[in-house]
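Pasting the structures in now, so scroll down.
After this come two complexes, each holding chain A, first together with chain B and then together with chain C.
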Partner chain A sequence: MTAATHGDREGKWAWRLTGFMTICVYIFMFAPIVATVVLSFNSSMFGGFPMTGFSLQWYAKLLQNEQVLQAFRTSLWIALVTAGVTTIIGVITAYALTRFEFNGKQILGTLVILPALVPETILGVGLLVMIKAVDQPRTLWILILGHILLAVPYVVLVAQARLVGIRRVYEEAALSLGASRAATFREVILPLLLPAVVAGALLAFTISFDNTSASLFWRPAGVETMPTQILSMLKISISPEINALGTVMILVTVGIPLLGGLLLQGLTRLRRRGNSTEVEQ
Partner chain B sequence: MPDTAVSPVITSRSESTGTSQANAGTGYERPAVEFRNIDIAYGKFVAVRDFSLAIPRGSFVTLLGPSGCGKTTILRSIAGLVDISRGQISIGGRRVDDIPIYKRNIGLVFQSYALFPHKSVFDNVAFGLKYRNVPKPEITRRVGKALEMVRLPGSEKKLPSQLSGGQQQRIALARAIVFEPEVLLLDEPLSALDANMREEMRVEIKKIQKETGITAIFVTHDQEEALSMSDQIVVMNAGMMEQIGTPEEVYETPRTSFVADFLGKANLLAGSVTASDGQNATVALKAGQRVSVVSPRPLSTGTDITIVLRPQKVQVGAGIENRLSGRVISASYLGGNVIYEIDIGEQTVIRANSQLVGKMIPEGEAIEIGFDPAGCVLLDETGSRVS
Partner chain C sequence: MYDPRLAWMLVAPVLLLLIFFLLLPIAVMLVYTFFTFVTAGVESATVTLANWHEFLTDGYYHGFLLKTLRVGGMTAIICGILGYFPAYFIWATTFKHKWLLLLLLIVPFWISFTIRTFSWIHILGEQGLINVTLLKLGLIQEPLQMLYTEGAVIMGLLHFLLPYMILNVYVSLESIDRTLISAARSMGCTSAQAFREVTLPLSLPGLAAGLMLCFVLAAGSYVTPQLLGSGRDALFGNLIYDTIMGQLNWPMGATLSIVLFMVLGCFAAVYTRYMSMSQIVKGLGG
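Our next item is the complex of A and B:
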């Protein structure tokens, strides 16, 4: 009895300690983000605490800053193209890797994942050296190509994980019923793979949108993406405008995947609700 | 080792090249599916060796055997899901070696149902018709008819996840037969169902097959399913055909010791011939007893022989032929029937499944058993039937 109470007390303290540690970790993780967001509404000229008042002036200023707007448009455009192309390449690659047997499959599987493991700086320099070697100019397309290179591994991994869970009998059933391989992919695999396709696209978008180090190497002269724009602004001063810009970045990179996730969840819930009206015969 | 049912089918070259699909429906003597000396190998492992079989139109043929015997591989080779390494397969007289699965016109039912989870029952069943360019109103009509046939009318709008296992398998069956395929392939379709549902589905499948007159090839490891449903049973072992015949033939007159053992766990009693005339032989069992059996041909004295004796043919009690005495080592009461395991000496154990008359004989007690000389089958030294 006493031993049990003793154990209970010990357990309680252990839980308290765990809770305290958890809170500390979360503060450490999110304090910078919260600070950026809060300070973006500060009316003071200097980007720091204490706050002097609430103001939206820095956002207003952003909207007038043609350079920032241009960078935002560039980043958005690059991220959209990257997401589109990467998803197509990634899903097809994942399909080939999970469903077909061919020579060098293992090697290909490893090579596809490699860009995610190699330091970005190395990739940045590597791509530059390569386009130099084939004597190509640094254009926006090179930048997009680079982003695709960076994002493909993640899309492949996400799609592969889902494909492994889709049983082969579905394909065999569709084929036996008369659907060609292409029709089977379109009618059976793709719908079942949809969550992974959406997740992959969102992931690729985010990876492209907030990529900094590799973009620094690849961007053509005079072109700024959002992260590089922030970096160049930081060189001049720590203006509260940067906080506002940072908040916009956070909104885009966190908000879009979140929105996509919610959308998917809503869709599956709708379907499940349809199921719960079942009547056993 | 092709048996009686495999009659060489004469097909002229021009007919077998694939142009004959139109008259396939009316071809009378042409088998629905025919294997000619096929081998199937996975790398170095040969799963099926020199398999030949002609399956008559409209029949229900079961491939029966333990797991790994190649039965599923053969079924999948008809569908085109595995490649054959030698020989040829014809469906309705048309060689299908180079025809991809989606052009073979076969209905496939899987153990795991494999209904498309994101499609409604209607879309699932209509799938095959859609790829055969059937007009929309006709699709609706035929899907309705197929659902009626599997006794799930009006379930068009449901999703597979809303149905029980048995219902899903019925929908899968409807999906496989709605476009009137050349042959219906059933890959252990009852194995995922619980016992009650299995029995019901067994009757259902057989009924639908009769009604539609479709050729069905059924794969199972369950001898009860095979015996109760089939017109012909092909017993498989280690990639080879052991025996083909009607359920009765295969059960009553097993051709090999494997068949005898696999179907119904027969008693295999080893012994040697001590005397033999044209019809009867006296056999000295390894356990010491002498029994007389009916032999289809004279046997030379001293030949080693195995007597195949079904547990149901073992009689318990007095006043019977071939009397053997032993001791009960286990007795299981099945209500009306008892299964005894009887030690008759020299580590020979006989299983007897007998109708319970009076009291059950408890474990450890002495027991008298016997069997009719005509109620058994003889196998020679090589394990094949004496005939």
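Our next item is the complex of A and C:
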């Protein structure tokens, strides 16, 4: 296929242009983020360029900012609950959607991805208006259920994609050997589905931890999540503290999935080794 | 082959969530558009067409809607043009560590959207990278006004949406049978012709899905215009937020939300008329 792209001179130039544009897009994607990380170590009192020296003072200041720490704890807690619940109900739904036949399956399949396609502003207002209509206060649980709604499409899609790839023969074999359906799910499907379960949980965690627009509508009075806290800090000024906060957040949200991925890779390698020794025996 | 009753039991939690947090709220919102606004935070259940009348006759709202559609459309098109190159490059490259390029596209999804958006202030602002560099080089005397403009808003939206576009196009490129291209080449097509006649048409579903997704997400955005735009660059999402959280005019806020929902829904309907929804699903899940 590269022959198709590098055949003649015209093709060569087109390929070079493609490469150049690709580099530009990647720079575009990462330059602002790199700038934020670099500026978080700036000793200047202002949150912008030029760099005046290296300093960790903004991180130290961050650790003493009780509001930020509180928002971090709130977000972490909400994201953990969201990830746990969404993964369980999402994986089970994906299982039902791929392995069962029932009326309305198509409609449910479409409905379940809607929260990912409808703008958050609309979802935010909708839930708020409904709560107001039934005279309920905004509580943390409403916020969490809202986050679960936003994360469910992604978990279902990831699990569904993997389930389609798992051949039914395995389940049928387990069933015909006398395993119950629950046991089949637990012993056969779940282990094969594990990568999708982990990926879905991580996705749900970051979606919740990151959510801004909808949380602005749903959060109870006086509660700040991490993103809404950053937004209210930005209203005052771009302080260097925000850069430090941003860097910490990047470390958390990029570090956790990367660690998870590595862990998963290690696990599968271990299991593969375990399996191959069993075969040898 | 399995009992449908069990299936319903399995999907029940998600189904209930979708009913009570997605469908019912939209229905209640629709009802609210006919309520009467009394004063900030108070409305009565007297049926009225005042909200719809106000929306349909006041040019203020039309201006917002048109601007939002324009910004969304421009963002989607620029995304399509800029995003096609990396998608094609990743697909066609013989580079051994292709996975790294793909991973780098997924990493932004993990970084807080708020942080990604405000980080543009460090590039475009008065103390941003561009202005500071140009001032130092003596090319300009005064910092350029780049932040708090419509351009900055579009820039922020591009930054947020490009990974969606690239992944969508990449997924559809991946599904092309590569022997088709070799066949075209061996029949005497130049590489440009092979691209125009084979690769590009076959990747159009992904491009269309990406355009649709970017347009809808851009037109529904709220945080980006707030952080990177001036008051004049506010989009429909900001209008909705201000109407509800600022003026506490719930019936009007509900009306505006339903309008945005219907307008974007129309675009989605036109899209599904020609393309299948499953293409977007592939891009989201991939």
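Here, the second predicted complex is superposed on the first by the 253 of 281 C-alpha atoms of A that agree within 3 Å, B and C clash if a C-alpha of one lies under 4 Å from a C-alpha of the other, contacts with A are read in each partner's own complex, and residues count from 1 in each chain.
Convention: a contact is a pair of C-beta atoms (placed from the backbone, for glycine too) under 8 Å apart; a residue touches a chain by one contact, two chains touch by 3 or more.
Computed from a prediction, not measured in an experiment: that's the story for all the values here.
Shared-chain residue A:Pro227: touches chain C; no touch with chain B.
Touch criterion met: A:Phe28 reaches chain C, while chain B stays clear of it.
Contacts of A:Leu76 after superposition on the shared chain: neither chain B nor chain C is touched. In the superposition on chain A, A:Leu140 makes contact with neither chain B nor chain C. Once the two complexes are overlaid on the shared chain, A:Arg167 sits against chain B while remaining clear of chain C.
Applying the stated contact rule after C-alpha superposition, one finds that A:Leu177 touches chain B and leaves chain C untouched. After overlaying the two complexes on the shared chain, residue contacts for A:Gly246 are found with chain C alone; chain B is out of touch. In the superposition on chain A, A:Phe100 makes contact with chain C only, not with chain B. When the two complexes are overlaid, the chain among chain B and chain C that reaches more residues of chain A is C.
Put simply, chain A uses residues 181 to touch chain B in one complex and chain C in the other. Within the complex, the chain C residues that touch chain A are 1-2, 4, 6-8, 10-11, 13-15, 17-18, 21-26, 28-29, 31-32, 82-83, 85-86, 88-90, 92-94, 101, 104-105, 107-116, 118-123, 125-129, 132, 136, 158-159, 162-163, 166, 178, 181-182, 184-185, 190-192, 194-195, 213, 216-217, 219-223, 226-227, 237, 240-241, 244-245, 250, 253-254, 257, 260-261, 264, 268, 277, 280-281, 284-286.
Residues of chain B touching chain A in their complex: 79, 81, 100-108, 110, 112, 114-118, 127-128, 131-132, 152, 158-159, 161-162, 164, 167, 175-176, 179.
Across the complex, chain B is touched by residues 167, 169-170, 172-181, 183-184, 187-188, 191-192, 271, 274-275, 278, 280-281 of chain A.
The touching residues of chain A, when paired with chain C in their complex, are 1-8, 10-11, 14-15, 17-19, 21-22, 25-26, 28-33, 35-36, 39, 46-50, 89-90, 92-93, 95-97, 99-103, 105, 108, 110-123, 125-130, 132-133, 145-146, 148-149, 152-154, 156-158, 160-161, 181, 206, 209-210, 212-213, 216-217, 226-227, 230-231, 234, 238, 242-243, 246, 249-250, 253-254, 257.
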